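You will see two complexes here that share chain A, one where it goes with chain B and one where it goes with chain C.
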Partner chain A sequence: MNRKTTLLLALVLVLMLPLALRSGSLASEVLIYALAALACNLLLGYTGLLSFGQGIFFGLGSYTVALLLTRLALPTPLALAGAIAVGAAGAALVGAMAIRQRGAYFVMLTLAAAQMFYFIAYTATGLTGGDNGLLDIPRPASMDTPWKYYAFVAVIFMVVFWLLLRVTDSLFGRTLLAIRDNEARATALGYDIKRFKLQVFVISGAITGLAGGLHAMMTGIAPLSNMEYHTSEMILVITVIGGTGNLLASVLGAAFYILLADWLSTLWPRWLLLLGVLLIVVSTGMQRGLWGLCEAVVSRAARLIRRRPAGTAIDADGGST
Partner chain B sequence: MSVYLLQTINGIGIGMLYFVLAVGLSIVFGLLRFVNFAHGAFYLLGAYLGFQLLAWGLDFGIALFVAPLIAGALGWATERLLLHRLYAKAHEFHILVTVGLALVIQEAVIVFWGPLGNTVQPPEWLQGVVIWGQFVYPKYRLFVIAFTAVLAGLLWWLLEGTRLGSIVRAGSESTEMVSLLGIDVFRIFGIVFGLGAATAALAGVLALPIRGAEPFMGVEALAVAFVIVVIGGLGSFGGALVGGLMIGVMQSLMSTLWPPGASLMIYITMAAVLLLRPHGLLGRPA
Partner chain C sequence: MTTAPVLIEAVDVVKRYGSFAALGGVNLAVRRHTVHSVIGPNGAGKTTLFHMLTGTGSVTSGRIVFDGHDVTREPDHRRVQRGMARSFQITSLFPNLPVHENLRLAAQGVRPRQALDCWRPPTGERACRDVIDEVLARIGLQRQAGTLAGVLSHGQQRRLEVGMALAARPQAIFLDEPTSGMGIDDLDDMKRLIRSLRDRHTVVLIEHNMNIVMDISDLITVMQNGRVLAEGLPDQIRADDRVRTAYLGNMITGGRA
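Right after this comes the complex of A and B.
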C-alpha cells in the first residue's frame, strides 16, 4: 500500500468515527490511544524495541499539560508543545539508560523505569498531586463540547499520522527496519545503531507525551493512573493486537480496544481476563494481529471474486509490511 | 538496640524474600532465554493460594508446601501446552504470551477472591518476639531468614550437585550442544519453568504474614525481580542473592530515613549500579 492510500484510509477512519459513535469523548479516546499505539508501533514494529515504559511518557504529557494550563495559564498549543518536549526529554533519559542494554535487559529496564517514574510521581505530591492527581484542567471555549474537541484531536492525529508515514518511508525509517531485522548486520554496515535507537525512542516519547496531554485535556484530570504500569501495558496490548509494522494497524487496534473496553466493562468488570486470553491467542496464533487478519480476509475475498487463478494474486502474506 | 541495626536485619529478611522471588526468573531466563512476565503473577497466585489454604484451617507449614506445588504444576503445564509451541517464533511473542498469562491470572484472582487486600497472621508458633539480651526481634522474620537460607542452600545444591542442575547449567551455555549429547533438553524446559513458578509462589506465601495479599501486587513484585536480576546479572544464582540482599537492605534503611521514598530507593539503587557497572554486579559483558 502506498503512502497516499494509507493516508486516505486513515482520513476515512477519522471521518467515519463520528458517524459510527454516539459519544465524542469515546471517539477522541480512540484517536488519542491510536497516537500512543503509533508511537509504540514505531518502536516495536519498525525498530524491534519492546518498551514497557510508554506509560511514563503518557503520564509526563498529562502532568505537563495540566501544570501549564492550570498554574501558568498558557495557551493550549503551547501547553501541548510542552507535553511533546517533556515526553521527548523523558524518553531521552529512559532511553539513555535502557538502550545501553539489549534484548531482555532492555525490556526489563523499561518496566523498571516505568515503576521508578510511578513512585516519583507518587511521592512528588507538590507537583503531581500524588494519589489524587491534578484536577480541573480547562479547555478553551472553542472546544467546549466533546465533538468540537474531537475535531481538534482529529486534526492533530492526521498531522502526526502524515509525519509518521514520512518518517517510516524515509531513509531513517528504512535504517530502523534494517536494525529490526538484523542488528549485527546494520552495525557491520557502519550504522551507529544506539544513536538510531535513541532517536526513535525520543520521537516515540514525544508522540506519547502529546497523546497524554490530549488525554488530560479530554478528561479534565491528570491522574496518577496515567503513569501506572497499567497504561504502559494497555498501549503495548493495543499495538500488538492491532498488528505491528503497519501504521494503520495501530489505529485499528486502538479502535478495537477502546470500543471493546467501553462495551465489555459495563457487562463484566473483569473483562481484562478475556483480553489476556486474546493477547495469548494473538501471540501464539496470529502474530500479525487484527490487521493481518483483515488483510488475509480481503485477499481471500479478492481471490473468490476473480474466480480465475490470477497470475499475480496477492497471497495472505503479501501487502505492505 | 540501634534502629539501623534493626533495619539492616529487617532488610536481610526482605532481601532473602526478594532472592526467592527473583532466582526463578533468573534460572528460567538462563535456560529458556526469555523473560517471564508472568513471574509476578505466580508470586501473586502463591500468596492467594496460601491465603486460601490457611482460611481452610490448614497449617502454615502445609500452605508453604502445597501452594508452590500447585503454582509449579500450573507453570509446568503452561510451558508444555503454550510456550512449547513458540520457541521457533520471534522473541517478543514469548514475552507477550506471558504478559497475557499474567493478566489472566491477576483477573482470575480478583474473580475468585475479590479486589480487596487481605492480611494474614503468622502461625501461632511463630508469633511474638525473640528476646536475647538487648536483642528483641519478631520470631516470624527470623524464621523467614532461616528458612530462605536453607532454601538457598537446597537450590544451590540442586543446580550444582545434581544431574538436573548440570543439564540446566549446560543448557544455559548451549542448548544445541546438550541436545547433541542425546539429552532431551526441551523436556527439562517444562520442569525449569515449573520450578521458577514454584519459587515465585513460595516467596508469595512467605511474604503473606508480612505484606498480606492484594490483587495488584504481582506487577510490583515483577518489577522488583527485574531490578534484582538487572543488578545481579541475568541467569546468575549468586547475582540474584547479592541483588536481592542489596535491594532489601537499601529499602529498609530508606524506610527509617524517609518512609515515602522506600519503594523509590529500589529503582535509585538500580540506576546507580547500572551507571557504575552496566552489566550488573556479577554479570559479564555480552
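Right after this comes the complex of A and C.
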C-alpha cells in the first residue's frame, strides 16, 4: 500500500469516529492511544524491540503538560512541545541503558526502568502529587467541549501519522527493518545498530510523551497510573492486537481496544479476563493481528470476486446444453 | 604478483577464550589483488582468524593493519568504512526483504550516517541502482531482484551472500566457505565468480573444497591448531609433506595427482 492510500485511510478513520461514537472523550482517547501504539509499533514492528517502558514516556508527557499548564501557565502548544521534549529525553536515557543488551535482557532493562520511574513519581510528591496525581489541568476555551478537543487531537494525530509514514519509508526506516531481520548482518554491513536503536527509541519516546500530554489535557488530571506498569502493558497489548509492521494496524488496535474496553466494562467488571483470552488467540493463531485478519479477508474477497465471473460463465454453458 | 603491496596484515595475533588459545600467534600478509586462501582442518582457527581480521571479535594480543591503518581496536562496522566486507559461512541475509533491498542496504552500509536520515526515502542516487544492477548481473540474480531473500534456493542465497559483500565495493572481500552446502552444479559458477573478483578486489577465502582452492588461489596459508603450518603457492602446498601428513592426506591434490 502506498503512502497516499495509507494516509487517506487514516483520515477516513479519523472522520468516521465522530459519526460512530457518541462520546467525544472516547473518540479522543482512541486517537491518543493510537499515537502511543504507533510509537510502540515503531519499536516492536519495525525494529524488533519489545519495550515495557512506554508507560514511562506516557507518564512523563502527562506530568510535563500538567506542570507547564498549571504552574507556568504556558500556552498549550508550548506545553505539548515540552511533553515531546521530556518524552524524548526520557527515552534517550532509558534507551541508552537498555540497548546495551539484546533479547530478554533488553526487555528486563525496560521493565526495570519502568519500575524505577514509577517509584520516583510516587515519591516525588512535590512535583507529581504522588498518589493523588496532578489535578485541575486547564484547557483553553477554544477546546472546552469534548468534540472540540477531539478536533484538536485529530489534527495532531494526522500530522504525526504523516510524519511517521515518512520515517518508516525513509532510509532510516528501511534500515530499521534490516536490523529487525538480522542484527549481525546489519552490523557486518557497516551499521552501528546501537545508534539506530537509540534514534528510534527517542522518536518513540517523543511521540509517546505527546500522547501522554494529550491524555492529561483530555482528562484534566495527570494521575500516577499514567506512569504505571499497567500503561506500558496496555500500549503493548494494543500494538500486538492491532498487528505489527503496519502503521494503520496500530490505529485499528487502539480503536478496538478502547471501544471494547468501554463496552465490556459496562457489562462486567472483570472484563480484562476476556481481553486475556483475546490476547491468547492473537498470540497463538493470528500473529499479524487484526490488521493481518483484515488483509486476509480482503484478499479472499478479492479472489472470490475474480472467480465469480468465470463461475457464471460455466453455469451459462451448462444451461445452454 | 607476489610483489604487489600488502593490503591486510596480521601480526602475532593471539585469541584466547579462557585458557584455550584459538589463535596462538598468527602472522599473515595478504597482497592486493590476489586470492589468498586459508585452509586447515576443522578447529584450526580459520574462522576465528576471519573474525579478528574483520573485527567481529577482538584480539587478545597482536595487531591488525589494513591499508596502512592500525585497525586492531576498531569495531567491525567501522572497518566496513575502510573497505572491508565479508560473507558468512552460515547464510546471513535479511530474509523478509527483497533481494534488491538486501543489496541496497549493503551498498548503503559504506555511508551509514546517511541511513540515519528520517526524512528522505531511498530514491534517486540514494537508491544505489547502478551498484545493485551490476552486482545482480554478476551473481546472476537479475530475475530474482524482487524476490524475498528468504525464499531463494540455497545456491541463490549463497550467491547473494557474496553479492552482499560485493555491493559495498570493498577493497578486501572475506569469504567464509562460500560454497558450503552448495550443489555440485553451482560450484563452477561460484568458482568463476570468486576468480573474477581479483581484478577489482582482494579476496581472503576460507574454503574446504580443495578443487576450488587449488584452482583459484594465488597464495595458500595452511593452519593447524591455531598456528600457521605452511604458506605457499598451490603447487608448493600440494607437494608439502607436512601439509600432507597433518591435513587432508591425498585430498590436498585436488583429485589431480
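Everything that follows uses one rule, which is that the second predicted complex is superposed on the first by the 307 of 321 C-alpha atoms of A that agree within 3 Å, B and C clash if a C-alpha of one lies under 4 Å from a C-alpha of the other, contacts with A are read in each partner's own complex, and residues count from 1 in each chain.
Keep in mind that, in the parts below, contacts are C-beta pairs under 8 Å (C-beta built on N, C-alpha and C of every residue); 3 or more make two chains touch, one makes a residue touch a chain.
On a predicted model such as this, the values are computed, not experimentally measured, just so you know.
Since both structures carry chain A, what do chain B and chain C do when superposed there: clash or fit?
fit
Where does A:D131 make contact in the superposed view: on chain B (first), on chain C (second), on both, or on neither?
neither
Would you check which partner chain A:T284 touches, where first means chain B only, second means chain C only, and both and neither mean what they say?
Touch status of A:T284: first partner only.
Quick one: classify A:L275 as touching chain B (first), chain C (second), both or neither.
First partner only.
Contact-wise, after the overlay, does A:D144 reach chain B, chain C, both or neither (first, second, both, neither)?
So A:D144 meets neither chain B nor chain C here.
Between chain B and chain C, which one contacts more residues of chain A in the superposed model?
The partner that reaches more residues of chain A in the superposed model: B.
Go through the superposed model and pick first if A:S170 touches only chain B, second if only chain C, both, or neither.
Second partner only.
For A:Y229, using the defined touch cut-off, is the partner it touches chain B, chain C, both, or neither? Pick first, second, both or neither.
first
Rounded to a whole Å, what is the shortest Cα gap between chain B and chain C in the overlaid structures?
Distance of closest C-alpha approach: 11 Å.
On chain A, what residues does chain B touch that chain C touches as well?
The overlap between the chain B and chain C interfaces on chain A is empty, containing no residue.
Which of the residues in chain A come into contact with chain B in the complex?
The contact residues of chain A facing chain B are 44, 48, 50, 97, 100-105, 107-109, 111-116, 119-120, 122-123, 229, 233, 236-237, 240, 270, 272-273, 275-280, 282-284, 287.
Inside the complex, what are the residues of chain A that reach chain C?
Going by the criterion above, the answer is residues 166-167, 169-175, 177-178, 181-182, 184-193, 195-196, 199, 203.
Applying the document's contact rule, which stretches of chain B touch chain A when the two form their complex?
On the chain B side, the touching residues are 29, 33-35, 82, 85-86, 89-93, 95-97, 99-104, 106-108, 110-111, 219-220, 222-223, 226-227, 229-230, 234, 260-261, 263-264, 267-268, 270-271, 274, 278, 286.
Give every residue of chain C touching chain A within the complex, in rising order.
54, 56, 75-77, 80-81, 85-86, 88, 92-97, 101, 104-106, 108-110, 112, 114-122, 126, 164, 168
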